[in-house]
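Chain lettering (A, B and C) follows the sequence in which the chains are written, and residue indices restart at 1 in each chain.
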């Protein structure tokens, strides 16, 4: 029993870490631009497919470095082409726009890489178990967690110590003041969108190594990201971090008791949080209105 | 007789900043009171205390002799405090009549109704006609409010406030951002409401001409404190006011 | 009576003439009657959704849940309780409507993107329940094993089971009643408070309107009508599909509404015609129909935010 619980706990942390990576990108964009990027899951798929194409030429490690950057560039271009034109309008339009965008990106993936699932080759060393006793944990899973930790630390360092990062943080709190201080808010939002897309792309490469690729993989992954953000509280990246880990672990532990409810439990957590603490674990009151 | 509105030693601090410092003011029934002061004098904070945007740090706000410190803004509307906003708040894509009608129906408590009797319809129509007439918008009743001039939009906003049959009208810089002609239109409307319809009105303003022609009494704020209080003539003659405000403003 | 009012009546008249004669002219264009039924069902769902989006200014991205619950409620009633079409419709409408009303309680204090995210998540809850609860709902395969029952008026019966045209007129009748009820609500004092909230929530609040209660009621009404559309969808197909609860379906409802014109009462109907045509024809020509639907939609949002009806109205005015 203990081993089962341990297995699921580790598993939950790994899945949670993955949710965190994905949700953080989404959360950043919501915080600064008040845009929920419905196509975020499709950006993730795109990142995975980039890696699939690049791996034969530059290997898995090269693809791990390059694919997220390509996704970020893609995100930047999309932001310039479409999304920035609706910032001034009611938030409804950005929701609609990114929803349509999701369709387009998904079908582009299907057109280029085909409708059937594809595997992403990973180095042999990563596909072996840690030890014979811990047969259920491959090095790939450890590697995923390490990448997430590095990426999240990098993100928080970026927001704390770089000029653009500090401006993004300040803009999240009070955009008017930041704008009054002469910061180019439009450019800031574009960079921010690119960083968010980078995180989606990175999550895509990691996911592809674990579960493979298919054009609508984003659809299944976007919902946990939403819930991580709602549970953690809109407006707080630390909240998103907590929310992602919490639902990952909760879903995995539920598997021990009642496997069929493991997917439902994250929704139950969300409902409970909304009932007892409507602004989310670490959400800011002001973000609600 | 109890004054309509009384503020006793109201103070509002934000951290270490004292935005309003021990200000008192008494507004009698039927009076038109103007609150003036240079930018940053605390007018807006003072106005927000009266309208209930936030409670005072200390002091009392009394409406008809009752303490309303803890009643939030929306609740104060129900007690008869009608208000307009610095930036005109209207329903831009609806007609003038629809704007007025929504206010009238809400004021009559019909807002959750799905069905109106013929008598209800008549009552609503005549109330709408009345406020539109008062605001001189009858001819523009079927135009979209968003397409009107600033002056007419302000008039429409005031008409909506009137539709709720307020006993006290609070106007936040009613002529802000308007040209001469529109300013005259709006001050004319305020004067009619005061003289002909006997409304009790408190307005904050920094356009001096507006205030001196309209107000019965003027309260001058500077740096959060009450600098002077009196009739327009008294204020015009007051040296402290001239030094602190008039000299700087023009 | 000014030009605009005349236009409005003319539009309504044309729409009804076209709807009532659809079984006669549709086959001439290569369509079939069931296609018209599908348009009407989607149109009703989108019009119901539009009471929220277009007339209250609130974005729900989870209306598939209430649509789907309507369909399952109707199907389950026919399968397990009684072979009565009207009662099955009532059951479906109640199931979806009541669920929406309860969810609405948790929702009304949320605003903006937050509201949209919570609605979508609630939608997925319903999807998972239908998907996982195999024995009762048929799980992945959907709910089968029920058929719409003939309408029994005591003195005479109408066979809507096998007669496609009779069933179409049945749908038209319900659609007409629902549309009339919606128009009635929108013209009531309550309907005007919905517009007020859409136009300027702050102003509405300072008129003394309890905004949360009004949004809740508007949400609830919208869900009841959407569930009614869902019930009809189950009858149309003799089948309830878990994908009808999925957020892609919510997205379809949103796209229909926006493409047709969200500020217009009939906009969603026009959008439904367009959408069903796009889906039917484009998907028969290319497997990449999602790309074209998505691109059309993105262009509408960017360049014609008032949709097709908005364009027509603008054209009529200038």
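Operating definition for what follows: a contact is a pair of C-beta atoms (placed from the backbone, for glycine too) under 8 Å apart; a residue touches a chain by one contact, two chains touch by 3 or more.
Keep in mind the model is a prediction, meaning the values are calculated, not measured.
S.K.: Which chains are in contact with both chain A and chain B?
M.R.: Of all the chains present, those in contact with both chain A and chain B are C.
S.K.: Which chain is in the middle, if each chain's centre is the mean of its C-alpha atoms?
M.R.: Per-chain C-alpha centroids ranked by distance to the global centroid put C first.
S.K.: Highest contact-pair count belongs to which two chains?
M.R.: A-C
S.K.: Measuring centre to centre, with centres taken as mean CA positions, what chain is farthest from chain C?
M.R.: Chain centre farthest from chain C's centre: B.
S.K.: Between chain A and chain B, what is the separation of their C-alpha centroids in Å?
M.R.: Their C-alpha centroids are separated by 49 Å.
S.K.: Determine the centre-to-centre distance between chain A and chain C, using the mean Cα coordinates as centres, and give it in whole Å.
M.R.: Taking the mean C-alpha position of each chain, the two centres sit 32 Å apart.
S.K.: Find the geometric centre of each of chain B and chain C from their Cα atoms only, then give the gap between the two centres in Å, rounded to an integer.
M.R.: 44
S.K.: Among the residues of chain A, pick out those that touch two or more other chains and give their numbers.
M.R.: In chain A, no residue touches two or more other chains.
S.K.: So in the complex, the part of chain B that touches chain C is made up of which residues?
M.R.: 73-74, 77-78, 83, 85, 89-94, 98, 101-103, 105-107, 110-116, 160, 164
S.K.: Write out the stretch or stretches of chain C touching chain A in their complex.
M.R.: 53, 57, 59, 61, 106, 109-114, 116-118, 120-122, 124-125, 128-129, 132, 247-248, 251, 254-255, 258, 287-288, 290-291, 293-295, 297-298, 301-302, 305
S.K.: Over in the complex, which chain A residues touch chain C? Could you list them?
M.R.: It comes out as residues 30, 34-36, 82, 85-86, 89-93, 95-97, 99-104, 106-108, 110-111, 115, 219, 223, 226-227, 229-230, 234, 260, 263-264, 267, 270-271, 274-275, 278, 287-289.
S.K.: Along chain C, where are the residues that touch chain B in the complex?
M.R.: 184-185, 188-190, 192-193, 195-196, 199-200, 202-209, 213-214, 217, 263
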